[in-house]
């Protein structure tokens, strides 16, 4: 155990910091869900990152990455959030699909999809949920009917983030007549394909953050299937799948939020409820604990370890920490908590706590509701019966 | 709605206060579980109460009560706790069995059992649980085999409070071969009866607060059955049964504890964690809310209303309030929290927070674990499916 | 001592409930938003026709002279149905104040005209745009200012039905209707009423959240059964319901008691307990609804937003916690003090 | 940067674990209580034979000169197995202090003799009765006082294995072994070590509570199935395990870092997080065990009591929360500061 950064790691941090200092846009970009202008501005940022070689530092160089280890990924993320760089419009691609492609993809698939993903030329949407398949993902009904070298996709996906403007999507489809975890395949499809209709869904704040995707006899080549036919469930749940548990939320995000919360508290400590100090400190400690835990996991993975049920403990911990942190911020804001960023009298330096709060509400729900994650912890870590 | 005490109620309070002022023992009695001396001292106190006509103010005068309403019962309890009067060694009898006897007992049963209960001549133990029947009370296995005008009782009861020294006990017994909620009868039995062995069980603090009762062909007359044969489950769960939900913990108990907690906080506010102030205030508010809720329920019952699932909301609320209150007290005590009352350097005026804490640990468990109560609330109040 | 609603009180609550159930459904709310309307004229007229704005106003002015308990029941119904119109503030805070300060305007307010109120504890004024006049504070003085004598700057709220404004105005002797230290009592009473009825309102929000979530949990199927059958969902909603059960008697007791320091602490307790119940209930409702719960198309978010707004208006949570603490650390406490220590002692004395 | 235990560290932990599993079971603990014994001689001899009291002591004195990480792992095992003997305090706090102050006594302590320590932050001294000498504070001075020069008054603890005493003694020049302001650093380091290893110990208590509860939940049948199958039980224990998972890396990071203001705050964080995990885990264990959980005959209460005692020793929770707050409100914060801000800046400077 050695908790000092190596000179190489230090140099890497300095390099990242320098590059970000000179490239991160001074003014925040317009958000990527509300308008296609915002979306394209973020695509442009992905291209800028790619030109600098920063689009996904852990990927092999051949696919647009730097072939670096997870500790350096963490350092990159720390500097990225520290610099206030734009959110990653392609996060579904680079953090969710990318690692799975690297583990399960054929060389043709990797060559076809990874460089375009890294370059920002193809932005990805996820298409996990269906109206009847939320926490119970094995309930998907969308079908992939084999016709020679093609699949004909039909069905209805929902809560697809980025789907309104994105280029490609990935999701589970089942062989007609198959049930539950069997007969599922993970299939990639272009959102421009004939037979696809994308219908935006507004989040509670009115932003079209999600979409429904209706697939009506959409023809895709069999080569778009990732992993074996009918093996979609295990591909999703595999090691690579679990790595998503690590990359889904980098600790730096919460450390920045916690530092901002401390600033907010400092600026209001006089009029604040003294009990809120405890919540502020707890948020800071939790963000710190989450970072330390991820460093421990990253170290273990780098040494060849496999990730296990800690994806579930991580998911619960960061989602609850994020929600608590934002609720504490709203409590500190008092009568100003309800003001949106449009409110003329809202102090401009406050940060958008409401937006962060709305975002945090989704944490305990998506990527497997926390209730499901608790079942997983009880069954896999504590060996309790399925019930 | 009129939240003023009537002159009659005020006069009643004054009368109770006067009587308690002149009768409550100056020195605390030795506890009633550790020794038979302590038990008999409490029996003597029950007799004193009875002589004053205070042993159970809501019972009919014919059975040793005063025939008063529930509001006056609450006033009596308030004054009782305010005066620091001894705990009621016969609480299993007067609060749990008594109301059921009054509703379901024959006139002979009432005449036989209630006056002796009110007088402290017969102290009662409860015998609900069995080793395999805890939260799942319908899992009792002890049997009552009918032989003419007698039952032959066999089985093994456990966690019986007061059974070490008490005179009588009540519990559920099933007809041989019956299952679950069917075939159960509520039967009263003398703890002196041949075939009974009582084995004390020590609580975590070493006090023999519970006992196991082994019944080996214990013969009792059929007249000891309360309610119909095989109707024991509904007798237990009936209206009278639910009234236990009201009387099990009178609000005054928590109001006194909360006031003591406030005193403890006041005496340590300088060195205390400021965050603890919030916990102290919450404990006080919760005790107040519990009292108000019980006043509302009592008013409704007095007007002929029936008690429903609020027995479950009450149970959860008071048990969690009690546990939180005592954990807050231990936190305020800091390094002194672990000292028992035997510790020479423990400030004498502190009150026994540790003892209260140990007692409060049982709250979420006994009389139906809180998990079961939450199921009841979800199913009966919110009409959620049994699942 | 009788801690029950009277039959008349229960009937009143049911009548208001029925009106709102009919006129304040999801479609009604969404139509208002589409039209960016300040209020639904038809619904407001029905509310006025029922005499609700004047429920606490004296009969001499055309009011019903009912008490705070009745008003709390109405507020709870308004919270439950997410009523966008400012009935709670008008009937519960503004009219009792106007009745003592300006009888003519009170009569007009009973007839449905809006008089907005800018309390010194809050930087903004709700519903100022549709008001005919505004009650405003200038130091210790109370001013009644016509709508056209002020400039309004809209401050958008998380709650799309809230209409908050910064009010720019110039105090003058012409608008001053009360001054001197005696006036403080008006603002204090307004704050207490706002907090109490806001608490009652948010209690209604909490119950609606639990009811919506329970209904959805019964219907929504996952893993081959309704999710309401899972203990995790059951216990989440049971916990929210418990919070409601132990906030309700505090709200009712605060409403049914006279103004006193003891009862002011209870008003704060009621507001805190109701807001805590709403916080837990609305978050539980979002969680039970899954992704639906943070979409615009399901009404759950309206509840969450209303709870967020009401929980910090009419005194922040910090203010009310402070008021409880001040009482608890100075008052006589104990089981005989549930309904006030002072009165208690006096009456005991009389009896003795 | 490598946040993994080495193979040697894992082997050490397993060895200690095996020793305690063999020698510190339920029957062993209950035999000690029946005999009112201060310690189990055989077990303590085995512990000494393994060299554990000297694990942090320099090799020149016969110690193993291992670091705080190794000591934290040993402490966690001691917590898990509820070890009654004061190994954690001796090896983790007393010996590092003695090594600098009294080499001869340090050697004896490595050989198993007990030297008790009375830290200025705590009114009582643990294990003073079986000690050969006591490290005591008199103002700024450190005294090393022979056991027979003090009078002890036993202060019974909720934890029946805790042996707490008030120590009555008279400071004299003969017993003074250090004084002046330089001595404060000894007491500060002792407090940090006590808090850190106490945190590691209570983390072990927490894990044992979850393990015991999970084992019982699998076995105990109610409603025709094992109670571990009920979601309420599963989630209760899952929540406790989550607290443990996010306390462990904090404890390890605090142990693996050098002394610095940043790391002192992390030690406090580690103690708070571990104590919070133990609080939740031991209460969950009581709840899952039902009535068994508050009976004397099941060991769960030993865990609850140990957690209660350790959570307030070596600085109360209030003290540690205060120390975290002081750091958070004054230090540079941010995602680049996880392992210390100052060092970070320096090294960046060197590189640049």
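Per-chain residue numbering starts at 1, and chain names A, B, C and D are given in the order in which the chains are listed.
Quick note on the criterion: a residue touches a chain if its C-beta (ideal position, glycine included) is under 8 Å from a C-beta of that chain, and two chains touch if they have at least 3 such contacts.
Treat the numbers as computed from the prediction; the structure is a model and nothing was measured.
Chemist: Relative to chain A, which chain's C-alpha centre is the most remote?
Modeler: B
Chemist: Out of B-D and B-C, which chain pair has the most contact pairs?
Modeler: Between the two chain pairs, B-C has more contacting C-beta pairs.
Chemist: Between chain A and chain D, what is the separation of their C-alpha centroids in Å?
Modeler: Averaging C-alpha atoms per chain gives centres 39 Å apart.
Chemist: Please tell me the distance, in whole Å, between the geometric centres of chain C and chain D computed from their C-alpha atoms.
Modeler: 51
Chemist: Please set out, as single numbers or ranges, the residues of chain C touching at least two other chains.
Modeler: Residues 230-233, 235, 321 of chain C touch two or more partner chains.
Chemist: If a residue has to touch 2 or more other chains to count, which residues of chain A qualify?
Modeler: Residues 273, 275, 277-278, 371, 374 of chain A each touch two or more of the other chains.
Chemist: State the interface residues of chain B toward chain D in the complex, per the touch definition above.
Modeler: Where chain B meets chain D, its residues are 129, 132, 134-136, 139, 158-159, 201-206, 210, 271-273, 275-276, 323, 327, 330-331, 333-340, 342-346, 354, 358, 361-362, 364-366, 369-371, 374.
Chemist: Which bits of chain B are touching chain C when the two form their complex?
Modeler: Of all residues in chain B, those touching chain C are 1-7, 9-11, 13-14, 17, 71, 77-79, 81-82, 251-252, 255-256, 258-259, 262, 266, 277-278, 280-281, 284-286, 288-293, 295-296, 298-300, 303, 310, 313, 316-317, 371, 374-375, 377-379, 381-387.
Chemist: For the complex, give me every residue of chain C touching chain B.
Modeler: That would be residues 1-6, 9, 69, 210, 214, 217-218, 225-226, 228-231, 233-235, 237-239, 241-242, 245-250, 252-253, 256-257, 266, 269, 272-273, 321, 324-325, 328-329, 333-339, 343-344, 347-348, 350-352 of chain C.
Chemist: Which residues, counting only chain B, touch chain A once they are in their complex?
Modeler: Within the complex, chain B contacts chain A at residues 273-275, 277-278.
Chemist: Quick check on the complex: what are the chain D residues that touch chain B?
Modeler: Residues of chain D touching chain B: 121-124, 153-159, 162, 164, 166, 221-223, 230, 232-233, 279, 283, 286-287, 290-291, 293-297, 301, 304-305, 308-309, 312-313, 316-318, 321-322.
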